[in-house]
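Across the two complexes that follow, chain A remains constant while its partner is chain B and subsequently chain C.
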Partner chain A sequence: MRRYFSRKLLIYALTFFLAVTIDWLIPRFMPGNPVQTMLSRAALRAEAAKVLQSYYIRAFGLDLPLWQQYLNFWKALFHGDFGISIFLFPKPVIRVIMNAVPYDMFLLIPAILLSWIAGNRVGAIAARTKWLDNTVLPLGYILTATPYMWLAIVLAWALGIVLGIFPIAGAYSFALRPHLSWTFIKDLLWHWFLPFASLFLVMFGGWAIGMRNMIIYELEADYSRYLEALGAPQRLIRKYAFRNAMLPQITGLALQLGVIVAGALATEIVFSYPGIGYLILQAVQNQDYFLIQGCFLFIIVGVLLANFAIDIVYILVDPRTRLGMTGEAA
Partner chain B sequence: MRKLPVFLSLLMVLSLVLSACAAPTPVVIEKEVPVEKEVVKTIVVEKEKLVEKPVVQTVVVEKEVPVERVVKETVVVEKEVVVEVTPEVPTVVTYPRNETLYTSGKQWGPPTSWNPIQPWAYAMGTIGLCYETLFLYDPLKNEYIPWLAESGEWVSDKVYEVKLREGVTWSDGEPFTADDVVFTFELGKMEAVYYHTLWDWLESAEKVDDYTVKFTFTEPLYQEWGNLLYSMAMVPKHLWEDRTEEEITTGDNLPPLGTGAYLYETHSEDRMVWVRNEDWWATKLLGLKVAPKYIVDIVNPSNNVALGLVLKGEIDLSNNFLPGINTLVKGGYGISTWYPEPPYMLAANTAFLFMNLTKKPMDDPAFRRAMAYAVDVNQIVNVVYGNIVQAADPSGLLPVWSQYIDQEVVDELGFSYDPDKAKEILAEAGYKDVDGDGFVEAPDGSKIELKIIVPFGWTDWMESIKVIANGAQAVEINLQPDFPDFGGYWDQLTGGTFDMAINNFGSNLSNTPWTFYDWLFQTPITDQMTNGNFGRYDNPEVFDLVVQLDKTPVEDIEGMKEVISKIQRIQLTDMPAIPFWYNGLWAQWNSTYWTNWPSAAEGAPKYLPCTWNGYWNMTALLMLTELKPVE
Partner chain C sequence: MTGLIRSETLYFALRNNKLRVGLAVLIFFVILTFVGPLFTDYSPTDYVGPPAHPPSPEHWFGTTTFGQDVYTQFVHGLRATFLVGIIGGGLGTLIGVLVGFIAGYRGGIVDEILNMLTNIVLIIPTLAVLIIIAAYLTVRGILMESIFIGCTAWPWAARAIRAQTFSLRAREFVDLARMSGMKPLKIIFTEIAPNMMSYLFMTFILQFGGAILNAATLDFIGLGPTRGMSLGLMMNNAVLWAALQLGMWWWLIPPGAAIAAIVGALYVTNVGLDEVFNPKLREM
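What follows is the complex of A and B.
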């Protein structure tokens, strides 16, 4: 057991180091200069622009040789310092992320979890109910195959503009200041519903199809046949099939949760919902090295944690892994 | 176990509701609170001797603690102690629709800075609504409007004296005086302050008395000075003098405290909210009152959302570029623009075609002239923009500067769309299709393969350069459009590796065409041209003329015209860059909740309806005093 985990941890540490290095390196390969891009928005007189540019290149430490910048980056990282955003100057990167990510969690965690539960249930039932298979499945295919952007725009247009039931922008009404009251909570949920629903629909289709196919596969497997031959009740067979079919779904879920910090770019654009996704896009466009680094660092950590969680969950839910480990230890 | 995810997601929702409720930054709430004043009169008899000034001290206390302060006096003094009793009143949480102005267009990301000396970063309204300038400038009338200054004049060639308005106060109640002005200008001695270079030609800024400041120049640059007078925001010395250089240049300055008509209310990821300053000096001194109690500026949404919000009346004033707005203005949706018909918008800056003069064949004036004739600007105006922009004058000067256009020079040397003429010029200069591929080769026989660039995603410009490339191809110049991302575009442009590009960054509306020429003929030419003259046009004669223009007093219109006419002649002869169209001052508004918008209509206020940086002090602020809520 210990050997299993220590080996896993070593691999994770290595992956982390490599991923963070690549994350640091790639933005610096982009053509252009972030400080120039930042100052190009200021419409400054030329002499002033020159002075400011050299000042800020020094201030951001971009005048140092690359290896020095790289070392400084690790040094700062171990002090918990992610630097200052260039695009959102002078806000520290960590605060940019902390202010934006809650909106994504609010949106994505319910959407992912609920669609996962609902998708798995419906998929499992559809696998053995003819009429459901004939209705839900095509619908699921249509939903997953629909370009998300299009679906979201149709939702926003139909329910937001034509019917005018839902708002089309913002996380809460522009006329409200956040406070604890029913008015505010209702408003928050009202603004949350469309983005949530669009994500839920698309993800639901994916999970349902996956589950249905897995169940059918498991029901055809040798162990199911054997159980059937032994005269085991259908319920029992299905229970086993379901447990086996869950495994890849759990991996998928964990990975989805791992990249939550990346936000939901398309949703944020279509519904003008604040979040980190759109900021990452703008950070890339503005070559904001520090914000890109910060965001991707969190994504890397998220994915690694999710993987680690899968490793543990597998031990719990899949006896085969447990057996494998004891065999290894012996 | 199965219920866990459901429970977790509910927990998430709940915790996020709670966390969203916690305002991002604590704001001291002291507005809108009815204040009862208790005046406690105490008579204090002190036997101690020797304190020079008889002092009457006013002590303002926030909590209900009655306080008596004993002040040492030589004589018996009647002293007032004012105790403000502040009852607990909940914050204003809903902004009433009829008191709130919703705007959009300036903010491209979450507001992160309220520091007026970070002009590329500060939140919408930081200069203009909160921090104010000595003068306002009205580009439509070419007038400087005394603002924090009561007057200002050149008392001699090298000395400028500003008289400040008495009675202006910072929003914390401190008076605004000459100390603040001197302090603000002296901040520029720090390298990282954007007006640092001012000190190359300014010798000193001295306080004469509390309301007079004297500026002595080593070399007065009148035009540039005129520009600074209305663009530099004054900051409070009493709050800033203890800050370190780093805090001043890189701090976010939250909450901002200025002399302006609005106070910081709150901000979040997608909005910036200002609330009216009820004690604004201009109400008392000039009888001006800004109509909206709240201004909520919405971080720029994507085009479709912005359009939807304007249509639904959820944004009152949008300064976004919205393609197709012309059909909505005509269509009876209650949306208006400055003009009810083409060109709909005022002109804000000039889009130039820059050509890289360090490369062949762009180094040949004949080739550049042929380019000018080859492009069908009307197609860009009509098809790409749907008539919301205007074709530029061959001089490139904005309509507000039309008095400086020397029509004789333009008639003689100007250009217009004429592909035959373009071909003729090319043939005369020796450009000929030698290898029969349908494109001309240079006179020395070398192949011409050129690219024209604009940033990816700037859809109007992307379409425009397709028109330009088509025009060039029609006269057999092999020019292809290319769309690198902004960083790549900017890198090619400033580094001088591009062939041709569109740019307009420094051609903005201002008090003087000097800013325009200073950008167009930026000098000296270095490896990195970050602010104009991207094509590296090197002509000392025109550089000298631009400096000469800068040294011409702003009132000397004739003198300015004379210099500008010379510049125009050189510009139109050499064609280092070609002006094609005026980008609009994008502004569309919905009159459902607010009326009396500024426009070209008769009787309407003539102020710029614009929330962008630098426009509040170009009369947009006065627009707020004219708006009327719909009953």
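What follows is the complex of A and C.
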């Protein structure tokens, strides 16, 4: 178990290191001069330009040798200093991002967990029910092939505009202020439902297909055949098959995280849902480079943490990793 | 002998419904990509008609808020989609194959290093890297976008091919080749690769679909090609210029529907091919 963990942690540490390095490298070695672009934009406001210019001299430290710049970048990072947002001047990037993160959590965690659970259940049932298999399989392939934002657009158009049931923009009505009351919570959930549903549906298709294929594979395996020959009840065999088929699905969840995050970004843009995705769109439109870089690091850190959580779950579920026999995820 | 095998594969391929449906959809869109632009006299960004007009005989898919022809944008966008798929998916497959072969065949320290690299790139969310690269490029083309997508999408392919190579390397015919003094590269390409050709082809199909979806998301965020038209960019424009609020379904629906149909057809084709190449799955 220690070997499994130390290996994983080494990979995460290297990934984080690489991500920060990319974050530092790209602005400096890309063609064009982002500092100039930023200054010329900010020059619209005199006081902003002055602060920014002094900030750049400090942050980029362009007169310093490269290795010194790189070390300073890390130092600033550990002080939580991601720079200052330009389009929300003078808010620090870290505060802008921190305001957006709760919305991402609120959207992503239920969508990921529920779609994973529901997809696995339906996939497992489909593997042994002919009529369900014939409907779930094609539907699943269509759903996984659908771009997240397109399903979001279709749902917003059909349920929001044509039928007028759900709101299609924001996390709560513009008339309300965030506070703790039933009206507000109901409003929040009402706005949350469509983005959640579109994320849920696209992911659901992938999990259902994956589970169906794994169950069929497991039911063909030697241990299933052996149990069958012993006269074990079908229920028991399927239970074992399900538990074995779960493991690749857990690994699959870790592998899919990047794609899921990308999908969530796009979905938030469609619904103007104030998470990181919507922030990135605004940052791109306003050429707010510090904000883009901050969002990049936050996404990486979030994915790394989620990966770590999945590793712990994997250890809890798969005894082989606990006993030091490296399981398949290692 | 090979002729016999080939005709047998073809026999099963022609009788596989998944493969037939998938290929039919794909061929339809490929033809549309080549023939579609012939039916329009406009360029995708020209202002040619009345703004926000629903589909009509003059403008088959209607017009945008600015009076651009949606059909023209659609067929030009299809071309960009297939280009990204071929270049991005091809590059992703190529890198994945090379890394997978080398890691799987050499083993030892080379494998350790390549495997570590694969795992790292696997964790980093592809789109996050693409966003930060694209944000700093002031001029972006479809070719550049495809190359970046290919360079970040290879890890799962490398991992799968490495595992396959690992198991093939231990077979007798590879040992025999090694004993006869064949060079490692030659063994990989004449002994190992032909035995997993079908697998490599299916990897390419999945990479193709993945590249299309990645490009669509990137374009949708507004970091796609700065010139030209793509299906993701159409969706980006539609959402930004309030096509949703105005109920302009003819602008919102086609681009994403085409992506879903193409990628879905690729996935179904892949499953069909799997059944054709793998006799165990045929009865299902």
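FYI, the second predicted complex is superposed on the first by the 246 of 330 C-alpha atoms of A that agree within 3 Å, B and C clash if a C-alpha of one lies under 4 Å from a C-alpha of the other, contacts with A are read in each partner's own complex, and residues count from 1 in each chain.
The rule is simple: a contact is a pair of C-beta atoms (placed from the backbone, for glycine too) under 8 Å apart; a residue touches a chain by one contact, two chains touch by 3 or more.
In this text the structure is predicted, and so the values were computed from the model without any measurement.
Participant: With both complexes superposed on chain A, which partner does A:161 reach: first (chain B), second (chain C), both or neither?
Facilitator: both
Participant: Between chain B (first) and chain C (second), which, if any, makes contact with A:184: first, second, both or neither?
Facilitator: First partner only, chain B.
Participant: Name the chain, either chain B or chain C, that contacts more residues of chain A.
Facilitator: B
Participant: Identify the partner contact of A:103: answer first if only chain B is touched, second if only chain C is, both if each is, neither if none is.
Facilitator: first
Participant: Have a look at where A:269 lands relative to chain B and chain C in the superposition and call it first, second, both or neither.
Facilitator: both
Participant: Thinking of the overlay built on chain A, is A:91 touched by chain B (first), by chain C (second), by both, or by neither?
Facilitator: first
Participant: Going by the contact rule set out at the top, does A:281 touch chain B (first), chain C (second), both, or neither?
Facilitator: second
Participant: Between chain B (first) and chain C (second), which, if any, makes contact with A:293: first, second, both or neither?
Facilitator: second
Participant: Which partner does A:147 contact after superposing on A: first (chain B), second (chain C), both, neither?
Facilitator: Second partner only, chain C.
Participant: Considering only touches as defined above, state whether A:172 meets chain B (first), chain C (second), both or neither.
Facilitator: The answer is first: A:172 touches chain B but not chain C.
Participant: State which residues of chain A lie in both footprints, the one left by chain B and the one left by chain C.
Facilitator: After superposing on chain A, chain A residues 30-32, 34, 37, 153, 156, 160-161, 168, 269-270, 285, 287 contact both chain B and chain C.
Participant: Which positions of chain C touch chain A when the two form their complex?
Facilitator: 116, 119-120, 122-129, 131-133, 135-138, 156, 209, 213-214, 216-217, 220-223, 232, 235, 238-239, 244-245, 247, 249, 252-253, 255-257, 259-268, 271, 284
Participant: For the complex, which residues does chain A have touching chain B?
Facilitator: Residues in contact with chain B: 30-34, 36-53, 55-56, 59, 84-85, 87-91, 96, 99-100, 102-103, 105-106, 109-110, 113-114, 116-117, 153, 156, 160-161, 164, 168-172, 174-181, 183-185, 188-189, 269-272, 274-275, 279, 282, 285-287.
Participant: Could you please specify the touching residues of chain A with respect to chain C in the complex?
Facilitator: The contact residues of chain A facing chain C are 11-12, 14-15, 18-19, 22-23, 26-27, 30-32, 34, 37, 138, 141-142, 144-151, 153-154, 156-157, 160-162, 168, 216, 255, 257-259, 261-263, 265-266, 269-270, 277, 280-281, 283-285, 287, 289, 292-293, 295-296, 299-300, 303-304, 307.
Participant: Which chain B residues qualify as touching chain A in the complex?
Facilitator: 2, 5-6, 8-9, 12-13, 16-24, 90-97, 100, 102, 108-110, 112-113, 115, 118-121, 191-192, 194-197, 200, 224, 250-252, 265-266, 268-271, 273, 296, 298-299, 301-302, 304-305, 308-309, 311-312, 314, 457, 484-488, 490-492, 494, 505-506, 508, 515, 518-519, 522, 528, 530-532, 613-614
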